[in-house]
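In what follows, a structure is listed as structure tokens, so that the remarks can point back to it.
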Amino acid sequence: MSAMDGALLQVRGLRKWFGGLQAVDGVDLSVRPGEARAIIGPNGAGKTTLFNLISGHLRPNAGQVLFQGRDITGRPPHAIVHAGIGRAFQITSIFSRLSVFESVQMALLAKQKRTMSFFRPRARLVVDQTTAILEAVGLGEQAKMPAGAISHGDQRALELAISLAANPTLLMLDEPTAGMSPWETGRTMEMIRRIAREQGITLLFCEHDMEVVFGTADRITVMHQGRVLAEGTTNEIRQNTAVQEVYLGSDEQ
Amino acid sequence: MDRTNSESELLKLDAINAYYGTSHILFDLSLAVSDGEVVCLLGRNGAGKTTTLLSILGLATVKSGRVWYEGKDVQKMPPYRMARNGIGYVPAGGRVFPNLTVRENLEIVRGAKAPQRWTVQRVFDLFPRLGDLANNAAGGLSGGLRQMLVVGRALMGNPRLLLLDEPTEGLAPIVVRSLEDLFLKLKGTGVAMLLCEQNHRFALKVSDRAYLIDKGQIRYAASTAQVRGSDELHRYLGV
Amino acid sequence: MTPETILVQSLGGLARAGVLFMLAAGLTLVFGALRVINFAHGSLYMVGAFVGATIVLRTSGNFWLALIAAPLVVALLGGLIEVSVLRRIYRREHLIQLLATYSLVLIVGDLVRLIWGAQYLSISVPNIFAESVQVAGQPLPLYNLVIITFACVTAVALWALFYRTGLGRDIRGAVSDPEMLGLVGVNVPALFTAVFMIGAFVAGLAGVIIAPSTSVGLGIDVETVVEAFAVTVIGGLGSFVGALIGAVIIGQVEAFGIMWVPRAALAFVFLAMAIVLGLRPYGLFGEPER
Amino acid sequence: MRTALRSQTTATPRSRIVLSAVAALIALALPLLLQESELLLVVEMLVLALWAVSYNLLLGYTGLVSFGHAAYYGVGAYTVALLWSKYGISPLIGLVASAAVTAIISFFTGLFCLRSVRLYFALLTLAVSQVMFTIVFEWYDFTGGDNGIHGIELPGFLSSAPNLYFFVLVVSVVCMLIIKAIVNSPFGGALLCIRENRQRAAFIGIDVKRYELIAFIISSTFSGIAGGLYAFYDRQVFAGLLNWTKSAEPVLVSLIGGMYSFFGPAVGAALFIFLNAFLTRYTTYSALALGALLLMLALVFPGGLAELASLARARLLRRGQHELETDETAAAQPTASERKP
Amino acid sequence: MNSEHRRPLATIAVVAVGILILGSLLSACQSSAPSSQSAGASKQGGETVKLGMATDLSGSAALLGVAGVNGVTLAVEDLNAAGGVLGKKIELIVRNTEGRPEAGTREVRDLIQREKVAALMGPVSSAVGLAESAVAKENKVPIFLHTSNTERLTVDLGHPYVFSVVPNTGIEGRAQAIDMAKLPYKTYYIIGPDYEFGHLQANAFKEKMKELRPDVQFVGEQWPKLGETNYQSFITAILAAKPEAVYSNLWGGDLVGFTKQAKGYGFFEKTFFTALYDVEVLSTLGSDTPNGVRGFSRAPFYAIDNPKIGPWVQKYRNRFGIYPSDWPIMAYDAVNLWAAGVKKANTFEADAVVKALEGYKFDSLRGPLNIRAADHQGDVASYMGEVGSTDKYPFPIYKSVRAVAGDKAWMPEGDIAKLRANPRQ
């Protein structure tokens, strides 16, 4: 199957239900190479479930996920990583007792399929690449610290570094600035934009902070109750009354 | 420490810095609720509303600052003592005891001693539909009924102060309107409330004062009249 | 194999199931509410049997006093253990909890030896139960039926405790959401102590009940807890109904397994466990760990 | 902070070399210093140390709790004993075979047990190991039942205690170094990732189940070698080697020594054997003493001796740095203890 | 834990191992100066001679272990009161194996090499016994078995330094067959504890029975695990097979449990039953003892026909406040056998003692014993009888006591050589 209308990621009619709850209820999504796409929506809109379906953590009940024209629906997470989709998680998913350096180094080795090596000391492997990534995200100084002991903002940067180590074509970010101080938020988003630009990475992220969303995204997809409510440029979304209603509460008067 | 809180200040947060795990969530946050006053805390998802409530209840790590209730520092107080001292908590997402019946969810409460005590019957009078389902498992209730149940459960503790975490989330407009009436009625009985909300239309209708919170900091504090229609409201809540 | 044999064999299995259920109920209760795997549950059972037998021997046969007093002693011991040990490890990982309760097995085992010596004790079945009854033309020990009845009564009493009392309501609340329970004003630490004491009481009761039909000696703690543990796992940790069904399954598997493949008697319990977990990774009525 | 780091990285290798040399010297001198019974006690420590270190590859490095590792230890011991008693094969070849046999068996049992996760995985390993125990226990014609196989004859050069000691020393140290190399390899790093966060490990591209299975096999294989060495040490095997009470040993020993340090379990093993041998000499209530010790460990030092050691080290460091009295190092103080996981 | 953190731990580990080793080293230096290998019994200096005993003082066999230690203690006290052996006072060192063979190995090795004991008294469990015997053989120190009794100890794995004054599984099983061959029963069922003693002893019984009574059929076997508390299903399974007689070597607490549970099924009315009802079991069972059931045991004091036993029982009761079970009697004999050997050899030297005892006529509490040279087994009798209550003792005893002499039931010498060449494993 050829890549339709040049889309990098194509999601078609994706559905997922938990018991009786329709968490994702027929979502279509098309992300072009090189764009920065934000997914927003109130709590419970289905953003996280959608992410989990794309990255292989959950299997959809119906629908398809195509990446670079290839069907990756329901593949296991490690296969999807090797296909070129990286994912950065919220805070709890780092390797807290590994050092910052080791965390990124292991991600590099895993991506390069070099982890089935039993006797080479890993300390000397991919040192330069690791250092480069750590420098890029501003963690060069902290390389030896245990990942669990660095500040929250730095952990988010580490999370990003681990995802970047997979050399992804598409990077999915799950609330990249959650829990950050305003200063860290600015710094982090600037860094993400810069790296994505430099390495030609397509971004797909969900975020609550509207400053971040409107400052970073090229296009925005708004989800509500498991469906896509609207999609468009930042300006289009800002002026969409349906979106405003979802966010500010419907005015019955 | 200073006990200069005026008598009317029922709850006072004094420059608290709160953490959840290693992440710093609240930055020098201060707010106050007077006796019988309804105050809302407005902000988007992830702004720090829930952490504010958890800090009061001693469930988040507060590394600096103090929380005063009835003029006492409550940082070391075990949760059940807080409940028995009149703090009622309405958690987000209809956090009922799913494997207990509706009635048991109410009866399980050990609250404060108060002259006018709440009883199961009074709660059922307030929410007749709950009364109809008294012996059903709470886990099977719809979102709206769960919300009523957690409110009713908090009332069963005869609270002097209610902490509410997004009570309208996911509720149909008609249910939200009935909650509006309820809260206004409760306000009449002299219960103080700290109401965390994203739905400012609802919150501003029932509150005396409002705080706007964003990224763990109070950005704006004013009376409801001032807040309504202000630029800040749009900036911190809208799109 | 005649129908009579099947009936007799399954009744014997049911008596075993009764005792196993009484132990598994306590294990599963403690796991459900406190989230602790109490390896020392068998030790409580052993203490119950020793205290019960001692009371009977000292009072020249007062079984009824033992039936009340011994479980109370065990419940007190349980309370002591909860307050001094378990309370400090609720937030720790399972492995540390197991280490702590395993060390309690060692400690209690040696304390029992210190108090009672290596001697095994034996008490007689109380006179009114000492008869045999005729079932399908075969004499059966009446006391077996007493054990089965007692297990049923315990099951009903526990059910009533859970579903008909305020304490039971609180316990069920703790099973689903202990944090919220504290926030509605329930003294959760005290509740946990009570839960553990109830589990200990039932274990002590099982110890007294079993004493007349066997010898009370060192080693019955581990011998029994391993099987009770398997019952709990097969039923699904935390599930009361699971404990009941699991006990019946193990009781019957042992009863008929011994008949057909006597040499594999040691493995029945574990084979059953491996098969059930292989098919249902969380046991019959269990839920994934939270 | 930087100063502290630098001083660590430069000082440690030198002290390590010195310490390794001292340890090697002591190891070489032991047969001269100790009586045979004490030397054999050290042999016992080495065997358990190897077993514990291989077990800890699973427990401490992969985050998998197995309650049935005695099965592989026992199978290793029985492989040596049975090859000798049934086919007259030299125990030296038997030792190699014990690795192969446990590797094959653990492939199948691991495949089965890893269907479950966490607590239920642990319980499945227990169930499977008890079934294996029953087979060994009941198969009188082949395994000799509960009393097992006695009087295994070792090759002539191993008949003296010092030679046996050196043999076990070399085998166990080489095996531990291999495990250490695995721990430090990319594969070991992948295991650490799995231990820390299974889900995230999958999302950096690691096939978690496959790695867990391989770790299970490696761990079981070295446990098998440890069991084989036990047959060398005791010259007898018995069914109890596979029983669940035996399975508790590597778990206890790893927890005593500290499961997050590589040699922690080895130190725990030495202490465990030492306590076992000496407690029983002074009291018949050794279980009481051991229980009290374990309870204290669980309540006060859940990190085991390693935690104790790092606390002591932090204190030592603090004192040393006070003498330096530079503000920079003083400022770095709290991090040393904060870094404790 | 990060890499930076792990490194110092390795250092600490090395240091800790060093300290431990130094610790054991120091304790070694304390006890005595280094000496050459196999410094066994030969180098005795000073006023005392040491006797070692590593036995099961905790675990399922603890009761027997404690009783055995009582017997040994009494024997040592008696010998010392009489001036010791060869003028030397005996010092008894007791160790606990907790019923674990590996602990048996370790403790016995330590007793021999550090404590330099002149001889060893055996443990309870035969698994531990085999482990200890192997070390004794290696170090050439005599070991005297009084409770653990697998035939493999003296036969298959027998060696010059092992002696036994307990009826081994072969003697015991065959003796029962000899006595029971007179009974009319044709179908037998077997139930025994699932470990070596149970299996070997029952096998000896079966083989002898088949030899004496070719018409007897064995219709089934059950092997509950040692320490089992629930026998319901075993009992019903046996009854379903409708055997005329049931032969059992269940013992101790297990037998108590079995008996109590079987009673309710009318078991003892439906089938003939015999098992190891010793003083211990009978006094525990008390009124729960089935009347007329056939019991057998190794040394029931009231059944022994020897003038020495009466005063000895009195002495034992004065010392420990209880009636002696089988175990202290045999343990007492074991110590005295060793002392007799030393006296005859006029040295503590192991090889001389061994030589002195081969074919020795030993005057035991149970009467004269012949220590056979081929396997160092005493021709000890097995006792049996029908259980009934008595006024003389506070527990039921055997009525119509019979004893089968050891030399009628022990293994023919020819078979010993065969089994030594090709052991049962």
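Labels A, B, C, D and E are assigned to the chains in the order they are written; within every chain, residues are numbered from 1.
Here is the rule we go by: a contact is a pair of C-beta atoms (placed from the backbone, for glycine too) under 8 Å apart; a residue touches a chain by one contact, two chains touch by 3 or more.
Quantities reported herein were computed from a predicted structural model and do not represent experimental measurements.
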item	value
Least hop count linking subunit B to subunit C through chains in contact	1
Farthest chain (mean CA position) relative to subunit B	E
Maximum centroid distance from subunit A, chain identifier (CA atoms)	E
Top chain pair, ranked by how many C-beta pairs fall in contact	D-E
Chain centre separation in whole Å, for subunit D relative to subunit C (CA means)	34
Subunit A and subunit D, separation of their C-alpha mean positions in angstrom	40
Centre-of-Cα separation between subunit E and subunit B, whole angstrom	74
Whole-Å gap between the CA centroids of subunit A and subunit E	72
Residues of subunit A touching at least two other chains	97-98, 102, 123, 144-146, 148
Per-residue overlap in subunit B, given as positions that touch at least 2 other chains	none
Interface hub residues of subunit C, defined as touching at least two other chains	110, 113, 263, 266
Parts of subunit C lying in touch with subunit B, wherever the complex brings them together	166, 169-170, 172-173, 175-177, 179-189
Touch list for subunit A against partner subunit D, complex	55, 57, 76-78, 81-82, 87, 89, 93-98, 102, 105-107, 109-111, 113-123, 125, 144-146, 148-149, 162, 165-166
Touching residues (chain side subunit E, partner subunit D) in the complex	1-2, 4-18, 20-21, 23-25, 28, 34-35, 37, 57-58, 95-98, 100-103, 105-107, 109-110, 112-114, 126-127, 130-131, 134, 150, 152, 157, 194-196, 199, 423, 425
Subunit B to subunit A touching residues, read off their complex	20-25, 27, 44-47, 168-170, 173, 177, 198-202, 215-217, 237-239
Parts of subunit B lying in touch with subunit C, wherever the complex brings them together	57, 59, 78-80, 82-84, 89, 91, 95, 97-100, 104, 107-111, 153-154, 156-157
